[in-house]
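The structures considered in this document are given below.
In the two assemblies presented below, subunit A is common to both, partnered first by subunit B and then by subunit C.
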Partner chain A sequence: MALFLRRIMLMLSIAFVALVSIATALSTSGSKLLVVLDPSIKKEDYSIFFDDLKDRDFDLDFRTSNDPNLSLFSFGERAYDQVILTLPPTQKALGPNLLAKPLLEFMTSGGNILVLLNPAEHALGSVREFARELGIHLPFRDTKLVDHFNYDAAISPELHDAVILDPATDLVAAPLLQVDSTKKILYSGSAFVLGNNHLLFPILRASDTAYVYDPAEELLESDAPFVSGTQAYVVAGIQARDNARAVIVASSSMLSDEAFNAADSANRELAAGIAKWTFQETGVIKLKSVTHKLANTVEENPQIYRVKQDITYEAEISEWIDDKWVPFVADDVQLEFTMLDPYYRLNLTAVGASGDSEVYATTFKSPDQHGMFTFNLNYKRTGLSYIEDKRTVTLRHFGHNEFLRSFEIPNAYPYITSLVVVVVAWMLFIVLWVFSGPEKAPEKKTQ
Partner chain B sequence: MLLRNVLVASLAVCVSSPLVSAWTFSNATLAINERSGTLQTHQFSVSVPLPEIVSLPSSALARLRFTVRSDLTPDTNNKPHQAYAIIEDPVTKLESSFTADVRENGRARVDIDYKTIPTALLGPNKPLTVKIVLASFGTEAPLKVEIGQILPAYNGPAPAGPIRFGSKPEIIHIFRPDPKFVSSAISLFFSAIVVTTAVALIGSWLHIGAAPSQLPKALASSPFGHLGFFASIIAIEVAFFNYYLGSTIFKLIAQISALAPIAFLSGSRALREFQQNGMIYVWKNAACEELREPTINWIILHLYLR
Partner chain C sequence: MAPKRTTRQAAAKAAAASSSTSPAVESPAVSSSSKPPSSTIPAVPTAADTSAIVHQAWKSYVADTPRKLKLVDTFMVFLVAVGLVQFVYCILAGNYPFNAFLSGFSITVGQFVLAASLRIQANPNNSSQFEKVTPERAFADFIFGSLVLHFFAYNFIN
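Up next is the complex of A and B:
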């Protein structure tokens, strides 16, 4: 349901953009882009891809991996906001500045990485280690993805390694990537395996008849494929807990001008979609504000509530579309009211837009347990930025004057009446006793 | 690399026939084998799938045997590069493939062992579709055909799957039950008993002849004393009653501090009036004095006798 609503929202928001041209989107995380271009790759072969990036206001800095001045960090801070890595065709290292550890540190400080594997040489040791940290298992050297059912007969009629992928079935993240599903995606290279990490964001996979084989080992028959079927992924990403993104594309040739210019090819839109997700242009949401208060009162965010009070919670969430923040509509945002365990887990309803964000609200009765409770808004969905917000409040117990009064309890009626009756009867008795006495004073007996 | 490609390409183009051929198989059987023997055997073909859903017990394996032919002429390559049996969950679209062992004469064998089926595909009453895929390099048309369904046994809940993001089930706190009260009718019934008792008591006083006979005379001699005192006592009771209903302690103190001097003054006036009019009976009358001496003599007598 959530996917459907999100799809509708995205479709509406890009309705005015022609499908062929690339929307003017800007990155929320910065425009300094480093491209580590291996000398075996000619910049001219990827001119369309880089021009599209330049159109979206990125400052491209082209370096080679053995550039001595290349460093991801400068004086302890990130020197770039995004990195595109391309890899050499033979087993050579990328240099000490691009080992797995600096790449991971780049991600933990908020930078985004796009890795384009070489179709022939799939991983250097350092990149394989980096991918393994993310939960992605790269294939071995010289392996190839083939599909005897969906291949481009013009390019590889015999070897079937120019695979055609169908955006309708093979594109896992279709709503976020906005690719025309009537076109096809051309791919030639290998494929990797994903682990079970829930932070992974699978993007493009092979069809169920494809498989990866090693021409050296499995020349005659495929008896132990590295991966086969829909478990073979060609593009996959990860979004770390600090919202830094990394995407691995199993073959850089998918982004080349040849692939873009082929007939009926969706590669250009796919490349734009992948780049936009990686560089924080799409799928970016943020929590604008959170307020909680007693229902129908004005004071916001008090520190103390009482048990059994009606509390209203409101959160505002925006989404970055093209170049501005707009309200983000979803139906699966949840609030947890927790003290060690959640006492409430409620679906927040979208009540309406307020400025550039959508307001989500709910009202509930605070539980009858006193203690320190937390409003926990934990909205993590694959492909969208993670939102987590925790606010702690005190829930105090009833005050001595907040309990039921005795006259409101029917059980107490006999006691109250007996109290009143005693008081009244005592007054009557006093009057009767004090003012009673003989009519005359007693006379002494006289003789 | 180039040589390898040439080799692979050459393997694919062994066919001498100019016809475009397709991969196919024949003589296909599915047998459910356990260590004790074969439980059941079914036949199938490219056009005729298995007649029913075949169940696969947890100690068994499903053995598919078939003969692969790329076309009907001899001297052809009978070993496709890809000969898989793929089992797929039709609901979640997850699949797992098993490679076939194809010999030179085309006889192929695939074992789908229950133990090698991934736990993500197992579940209660979840039949899995079985497909056979035969394909190779070159221009021969590949074959992908669904040959039937198997139902692996389900031995209780599998270990929980991997964590995935998504909305979780709603939790609404269940409050402790409110304290239960008795119905007002029963309560008022007991209040009525109390009131009845009080009425009976006051009635009995009046019956034995209690009457405020001295009241008019006392009031005449000191109206402010008696009336004032009584009224101030009632007023203090009313102030306490208001405090019970919910006024603050400060209001109560203010009211009491206003009423107390009135009570004191009027009370002393009333006592003075009592004293003047002989309403205070001092226990000095003859009846009491007479009673006192024998009592003391009686006590002293008993002390001597002990």
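Up next is the complex of A and C:
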């Protein structure tokens, strides 16, 4: 009966997964995309970026930030899967539905957020608070990132605030984004500082010679810039513990058609890479299954093992590439076998693909310590979905009949032999004693 | 048997009695010193003296000990040898099946103790102390005790 129910559950879940995967063709987390657009920002200026998103099967829902019907949740559930937030320069606030708290709740329930700061103004309360919650300190209003060595002379010959970034050196999270490093990135806007949130990681930073200053002040007085050099970041991402992602781009101008169409510009690739990562199209891995068992046996996932037994642990990991799951190959997946402390920390070896996943396996001898142990697979790498799996099993000690018998241990043969020899000698002794006869008994009697 | 008893009784009654015809097994030093009463006793026994004493003791042991007691002595020497071999092996090769070592070693020790008990009780010289224990009874006790010992050792070795 239980088996039958389990089978039905399995079929239902397979059907559900199939349904979901039909609904989300390219993103693993859903295609409903809310774009909160300020009236001052013309949609047409970003048409390439939005068209690229539409081509990747996203349902774009354009709203203005002061739309009274706009809500990230409907009936307590997430109304959207992804949000792109562009900041209005004109308004004082984003409205009650886009305060920092609903944005964080949206992330907590698994939604992804891409924040595009406005190049003209950064000082909006709710987004500033949201960024601070993530560990990003936004610059003061009206500040600019300038670089007197790498700038676009055609656009800003005087102020040098149209900065040119080099993907080869400034793209920190290069493996995630796949940007052609021979091209260049055009940027104009400000830059922010990263706090010490360990979930946060930089994606694109300013070059060594760049700094952030306030154009309202005299140039000579800005001897203490807000941030300078490679400490100034332009794009940074965070992946929360529930794998929800957020990326803050310091200037939306980087994603504009103008920047995309500029000669030798890598901005389009960069924007696509950022959007793909944020909306869970790349860098998504999942744990398909975990099995542990006694080596060379069939029964899977038993509740109890004995000390000093060979245990085989297998985990299957898949990666989402384009529109399907494929085997995820890495050489740094590790397994811990812990009871309070790890007794083992073992490298799992990729032993080959099984369907759409890669099988990682290892075999180890359970420690000579009974108690409650946990198979702990904890794979957290920057830019990849977190994988964490814990299976608790009991490790019992030897049963009284499970020790080796002495005659199975070659080392015990001398002891066994001597036992036999003593018994045989004893028998011989008895026989000799009995038949030796009363030697001097007659003398004794006569005395 | 008779001269030995005489010696023993004499030794028990008076240590200074020098009329014994043959030296006592248990006290060769006393008898050897009493044998030449006129000669002066050397302060330090020389090697020749020691070997002479040992030789004398061995000769009297061979001559005066009943055959059954010699049999027991042989058995005891054998047990000591087996026990020593096991002990040396345990030191060299490790005590991994420790129960096996304990079992094998303790059966030699236990058998040795039982054999020693048998020797004491079956020794005619001690019959005055064991008036109710005949040598046959001692032998039966020995067999019973040995069987119990063997039973335990066999159980414990595995």
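Please note the rule applied: the second predicted complex is superposed on the first by the 373 of 447 C-alpha atoms of A that agree within 3 Å, B and C clash if a C-alpha of one lies under 4 Å from a C-alpha of the other, contacts with A are read in each partner's own complex, and residues count from 1 in each chain.
As a working rule, a residue touches a chain if its C-beta (ideal position, glycine included) is under 8 Å from a C-beta of that chain, and two chains touch if they have at least 3 such contacts.
These numbers come from a predicted model, not from an experiment.
Chemist: Considering only the touch criterion stated at the top, classify A:R381 as touching first (subunit B), second (subunit C), both, or neither.
Modeler: In the superposed model, A:R381 contacts subunit B only, not subunit C.
Chemist: Touch check for A:A425: first (subunit B), second (subunit C), both, or neither?
Modeler: A:A425: touches subunit B and subunit C.
Chemist: Pick one for A:D208: touches subunit B only (first), subunit C only (second), both, or neither.
Modeler: It touches subunit B, and subunit C stays clear.
Chemist: One more residue to check, A:F435. First (subunit B), second (subunit C), both or neither?
Modeler: In the superposed model, A:F435 contacts subunit B only, not subunit C.
Chemist: Name the contact category of A:P414: first (subunit B only), second (subunit C only), both, or neither.
Modeler: Both partners, subunit B and subunit C.
Chemist: Which partner does A:T312 reach: the first (subunit B), the second (subunit C), both, or neither?
Modeler: Once the two structures are laid over each other on A, A:T312 reaches no partner at all.
Chemist: Go through the superposed model and pick first if A:H198 touches only subunit B, second if only subunit C, both, or neither.
Modeler: First partner only, subunit B.
Chemist: Which partner does A:S31 reach: the first (subunit B), the second (subunit C), both, or neither?
Modeler: Once the two structures are laid over each other on A, A:S31 reaches no partner at all.
Chemist: For A:N347, using the defined touch cut-off, is the partner it touches subunit B, subunit C, both, or neither? Pick first, second, both or neither.
Modeler: first
Chemist: Which residues would you name on subunit A as touching subunit B in one complex and subunit C in the other?
Modeler: 405, 407, 409, 411-412, 414, 416, 418, 421, 423, 425, 429, 432-433, 436, 439
Chemist: State the interface residues of subunit C toward subunit A in the complex, per the touch definition above.
Modeler: 1-2, 5, 66-68, 71-72, 75, 78-79, 82, 85-86, 89, 93-94, 96-97, 99-101, 103-105, 107-108, 111, 124, 139, 143, 146, 150, 153-154, 157-158
Chemist: For the complex, which residues does subunit B have touching subunit A?
Modeler: Contacts found on subunit B: 1, 4-5, 7-9, 11-13, 79-84, 86, 88, 93-97, 99, 101-102, 133, 135-139, 142, 144, 162-173, 175-176, 181-184, 187-188, 190-191, 193-195, 198, 201-202, 205, 210-215, 218, 230, 233-234, 237, 245-246, 278-279, 285.
Chemist: In the complex formed with subunit B, which residues of subunit A make contact?
Modeler: Answer in residue numbers: 2, 120, 142, 146, 148-149, 157-160, 196, 198, 208-209, 211, 213, 215-216, 218-225, 228-231, 308, 332, 334, 342-347, 364-365, 367-368, 380-382, 405, 407, 409-414, 416-418, 421, 423-425, 427-429, 431-437, 439, 441-442.
Chemist: For subunit A, which residues are in contact with subunit C within the complex?
Modeler: Residues in contact with subunit C: 404-407, 409, 411-412, 414-416, 418-419, 421-423, 425-426, 429-430, 432-433, 436, 439-440, 443-444, 447.
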